[in-house]
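First chain A sits with chain B, and in the next complex the same chain sits with chain C.
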Partner chain A sequence: MTLVSLAAKNVLRNKFRAVLTVMGVAVAVLTFMMLRTIISAWTSGADYAAKDRVVTRNKITFVMPLPKRYVDQVKATPHVKTVTYSNWFGGKDPKHDREFFAAFAVDHTTYFLVYDDMDVPKDQMDVFQHDPQGAIVGDLLAKKMGWKVGDKVTLTSGIFAREGDWEFHIDGIYTSKSKAIDRSSFMFRWDYLANDPNVQRRQQGQDANVGWIVSRVDNPKASADVSVALDKAFADQEIQTESQDEHAFNASFLASFSAVLSAIDIISVVILAIMALILGNTIAMGVRERTNEYGVLRAIGFTGGHLAGFVLGESALLAGVGGAVGIAIAYPFINLGMGKWLEENMGNFFPNFSVEPNVTTSAIIASLVLGVGAAAIPAYRASTLKVVDALRRVA
Partner chain B sequence: MIPIRYNVRSLAVRKTTTIATALGIALVVFVLASALMLANGIKKTLSVSGQSDVAIVLRKGSDNELGSVIDVGAINTIMGTPGVKKDGNNAPIGVGEIIVVGAMEKIGAKGVTNVQIRGVPANAMQFRPEVTIVDGRAPAPGKDEVIVGQRIRGRFKGTDLGNTFDLRKNRPVTVVGVFAANGSSYESEIWVDVDTLRAAYSRPGMVSSVRVRLESPDKYDGFRASMESDKQFGFLAMRDSEYFDKQSEGTSIFVGALGGVISFFFSIGAMIGAMITMYAAVANRQREIGTLRALGFSRASILVSFLLESVILALFGGGVGALAAMGMQFVKFSMMNFQSWSEIVFTFEPTPAIIFRALFFALMMGLIGGFFPALRAARVSPVVAMRGG
Partner chain C sequence: MTEETIPAGADADKKKTEAKTEEKSEEKSEAKAKADEKKADEKSGDAPYRARPEQPLISLKGVSKSYERGGETLKVLQNLDLDIAKGSFEALMGPSGSGKSTLLNLLAGLDKPTSGTIEIAGKRLEQLGDSALARWRADTVGFIFQSYNLLPVLTAVENVELPLLLTKVASSDRRKRAQTALRVVGLEDRMSHYPRQLSGGQEQRVAIARAIVNDPALIVADEPTGDLDRQAADDILDLLEKLNKELGKTIIMVTHDPAAAERATVQLRLDKGALR
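Take a look at the complex of A and B:
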């Protein structure tokens, strides 16, 4: 019998306990991966955000718009390739008024050039370009609301009051491969909003307003300079701006939830602690029950190092198997079950909810490190056993 | 019946194992209790703001004050509605206010955070008796002076007493006072004179909401009916308390659900831990169990005894966890409220019900985790066990 097979035999000596421990570790690893995926999915909007898009908004507050004439000024700024603008519409479907989705009025000629990571079939885009009441919606939103291309939908707006509801035609459905794009948005033509008599009356003949301006720069490295240049250009005007590239913009939005994210972060470490306790407990019990045997092994010439190796190996094996089982369950559970549901129902927070490779890597590292760590004390105890005490001891 | 002392002593003998298992359960209970306390804190913060004899009027179609626009001319129509209480001078009691969201620089963090700024008329503090100045003084009317809620005091650039910040370019305002509002979400707001805010944010001739005090809470139905029959303006009337309940809905459900899901998975882990410990206890005490059976204790009393042992273990852990969670009371938790898109500071609010629920959860973990091991103990045959099997 080799040393390795002895260690393996020890693991299986109490099969039932080994199975329970593996289950415990698996559940902990699954939970850990779930929590880490929540964090990575939540922050992926910032991580994958396009760095070559600069968002310009009102410096004072997002609830106040910018004058539309700013668009032309942005266009004239060096490094800016394409410019588009949109307004928050605050739309709701009166038939499903508890469903939240993002609805914007967008400039139909430029919006999908700036957001070229939203994929709209060409024939649908052509229809949209010629339909004043046209709208393009995300595939997840369309699925949730049961909308198809060609449907007529009516929305109410919390911001733009009107006699009667707003009627739109679903001309196209966009999909996206980018992990930063929310596939549950509703976009319709800005001119439909701007030409509405009620909206015009409220403007009282003044220049039209846009909610925010998005520009595409020719080089992602230039976006910081472009942001500074834009804000400087508007600094002396009546309304000042705050420009950030999309990455920084999303990051500052996330900062508002930093307390939640760090709470989840802490909790994901707590579950690892629970796992270490379960594992350490199992190993400690095994060592205690085998004290006599260890005494015999020491007496026939095995060193303390050998014994510590047995204990550590046993623990690492249990943790490794448990971790592997946990990861094997986590993929279908998170990607197909929970993730699908979250993408469809909370797409604006979790545009893409699936396990990232680095989450898996950290799960593997965590289970192995903890496997060894949890066994440290029992291993030390086993290695420092005095033969006489061990043999004399009655378990 | 086997005395409980037997179980307590058995647990005490294997200290390390007992502590490791109890600690696992303690962590689960800690996370669960904290999540429940936070969800409760969110609810409390957002709902103590509402008074039962106050009604709020918004524009129809708006979910909250931020998105609502009411013409200044309509304020008198609203205040003049029957059912609104009048003061000594026969003037109706109510406030028309503007809500905006300002981007403020958070101290010690990068980027800007949205803070709710409320433009209030001179009688806003009389209207809300729970609002009191705790530091500095009340703002002088018509001056560019603001007061800040105590929960956000000093959290953002220019929001401590005596500081100034720009409401907009070249429109500085001075913080002259800090106010408390009974722990409500007002404590996460900045209050400024309604005319100053209106000018700074180019909001001429409008307010966001109108709140009125009713003669009594039961005048509400009549008030609401007359408000909503007004087709000219398109009003939406709600009880103030109902309004704030709605504001907290999304956020507290989110925290509660997240905490619930996490606790569920955690508890599976901890239950498995308890199971391992109890199985080991049963295996190591075969002889003891055999002796007890030989002494005449029934299978049922062995089952109950081991179940009790597991429950004691779980409750011990649960108690430690709940106690630790009580310490979270002193932690401030700031997060964006989904309804208003602005940051509100919440606290963890324990209640006896939450502690009871957390302990009940621990009890269930003990019962479920201990059931199968106890069943095995009950099945031990006295003869085999005493022979040393």
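Take a look at the complex of A and C:
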């Protein structure tokens, strides 16, 4: 027997209570990790965004378009290698009315050069390049909707109405290893949209519009300079632009959700605080019940420091085991269960919903720190017990 | 349960009988104590109740202890002088509230006097800090409590091993010493039993083994037979006598039981905080 095994035996003195406490800590840690993962998954688009892609949009708001002729001007800007453009389509599958996914009209010749982190098999890409009604969809979207290559898909658009529905051919399915890429998007050829009589009628013979322009620069460090140069070039034209690298663009998009993210952040901390209070209460109860035994230990020569060590060790052990159980549950629950579901169903918000190593590290540190912190007051009380008073206390 | 809520009837009658027996016994032992006191006075003219040992293990001089309770000062022990020889077995008796437990706590280094000096085995206890006093207790004192006070999560041998955790004795030797101590108290066949699996007498034997495992200079026992039946109490007293006579342990025992007190070589009587 050692001092450590003596402390460990005390933890298991009331097995039912110990199990409940461990489970309470585990649930708190699991919830903490879930909330932290929501934040990290939500912001991962910005965190992992390519810094060599510059997004140019209408200065007023990104829902207002830009003239297509701007594309050539962007192309002529120093450091710009490749330029592409796209429009938000607002598409829905009438057969799956409630399923939301991002649908874009993209320039088929350049889009996948700028977004070269989207992997499309070459044979599928060849078909897409020659099919005016071709579409490339993300693997998660294809799985969710039950689409496969060669399928014909009909979508409706809340923005671009036409007589009859929009028909597309699923020519390819893209995948991606990049955490910034949403694998639930639907991309079809921009010329299919632009050549539609209804759309052309709406343009009334004016230059076509694009939703935004994305350019790939030759050096990520040049992104800021290119952004400034582009906005300066369009400053005296009828529509001004705002250009940012993809990281900044995504971050500014996320900023509009900052209140929600802050709320989740606060809730995750509150949950840990509740865990600490529950653990502190359990430990305090144990100390109160064992006052007489602490008196005996003090009488036979254990110091106040020994008792404080026992109490803190007991709490840290409960919190540590609870934390480990919580983390062990969190990985399969978040990565394989909830995360997969969110990636498939809310891929626009959570393109990559899995536990990040820093979330796990925070959970481990938080459980141990709060475990020790929760026992601080009971440990102090145990260490300062008067031996004579403690011995008088009936167990 | 408070004393007021103890049910009337058989229990109350039993209590009365016990009280009478105790009164009679106390009268008897009081008479014996007076006789002892007389003998002691005859041997040494200036000692209040008995002769001063030549080489006392314990020496109390002018010890007083008082507590603050509700703004009032409660004097429990008053100007006590006491010497206890090494190897003696002393019974400390007296009515409730006479200060027996307070004196025992002071002798065991669990509490400090309000004034006066306590010297035990060459150490002035009132001068030691809390941690130093804890170390001194670990080295010098073995405790036996009325309610045994074994840790329920530990087996008999682990309970006995407990004080050795504070020493530099190696882990394997600790276990051997604990087993030896249990053999001394006749519990070699109960080493792996938990306290709940032992009778009261056996639990007290384990407590005695725990008290002697460190080979302390002093054993303090607070009503060690108070929770036991007569047979078990006699067994425990036999054991204490053996520890005193065969192993030379100095034992101070608080008791209300005159039969237990008679086993001691010296009976001390406390009344209203003073030795009589």
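To be clear about the criterion, the second predicted complex is superposed on the first by the 393 of 395 C-alpha atoms of A that agree within 3 Å, B and C clash if a C-alpha of one lies under 4 Å from a C-alpha of the other, contacts with A are read in each partner's own complex, and residues count from 1 in each chain.
In this section, a residue touches a chain if its C-beta (ideal position, glycine included) is under 8 Å from a C-beta of that chain, and two chains touch if they have at least 3 such contacts.
Only a predicted model underlies this, so the values are computations on that prediction, with no experimental measurement involved.
When both complexes are overlaid on chain A, the residue A:T2 reaches chain C alone and has no touch with chain B.
Residue contacts after overlaying the shared chain place A:V387 against chain C, while chain B stays out of touching range. In the superposition on chain A, A:D126 makes contact with neither chain B nor chain C. Contacts of A:E242 after superposition: chain B is touched, whereas chain C is not reached.
By the touch criterion defined above, A:A299 lies against chain C but remains apart from chain B after alignment on the C-alpha atoms of chain A.
One of chain B and chain C touches more residues of chain A, and that partner is B. Listing the residues of chain A that touch chain B in their complex gives 14, 16-17, 20-21, 23-24, 27-28, 30-31, 34-35, 59-64, 90, 156-159, 161, 240, 242, 248, 251-252, 255-260, 263-264, 267, 270-271, 273-275, 277-278, 280-282, 284-285, 289, 395. Of all the residues in chain A, the ones that touch chain C in their complex are 1-3, 6, 9-10, 12-13, 292-293, 296-305, 387-388, 391.
The residues of chain C lying in touch with chain A in their complex are 105, 108, 110-111, 130-131, 134-135, 137-139, 143, 145, 149, 151-154, 158, 161-163, 165-166, 171, 174-175, 210. Remark: chain B residues 16-17, 20-21, 23-24, 27-28, 30-31, 59, 61-63, 66-67, 100-103, 106, 109-114, 167-169, 200-202, 234, 255, 258, 262, 265-266, 268-270, 272-273, 275-277, 279-280, 283-284, 333-336, 341, 343 touch chain A in the complex.
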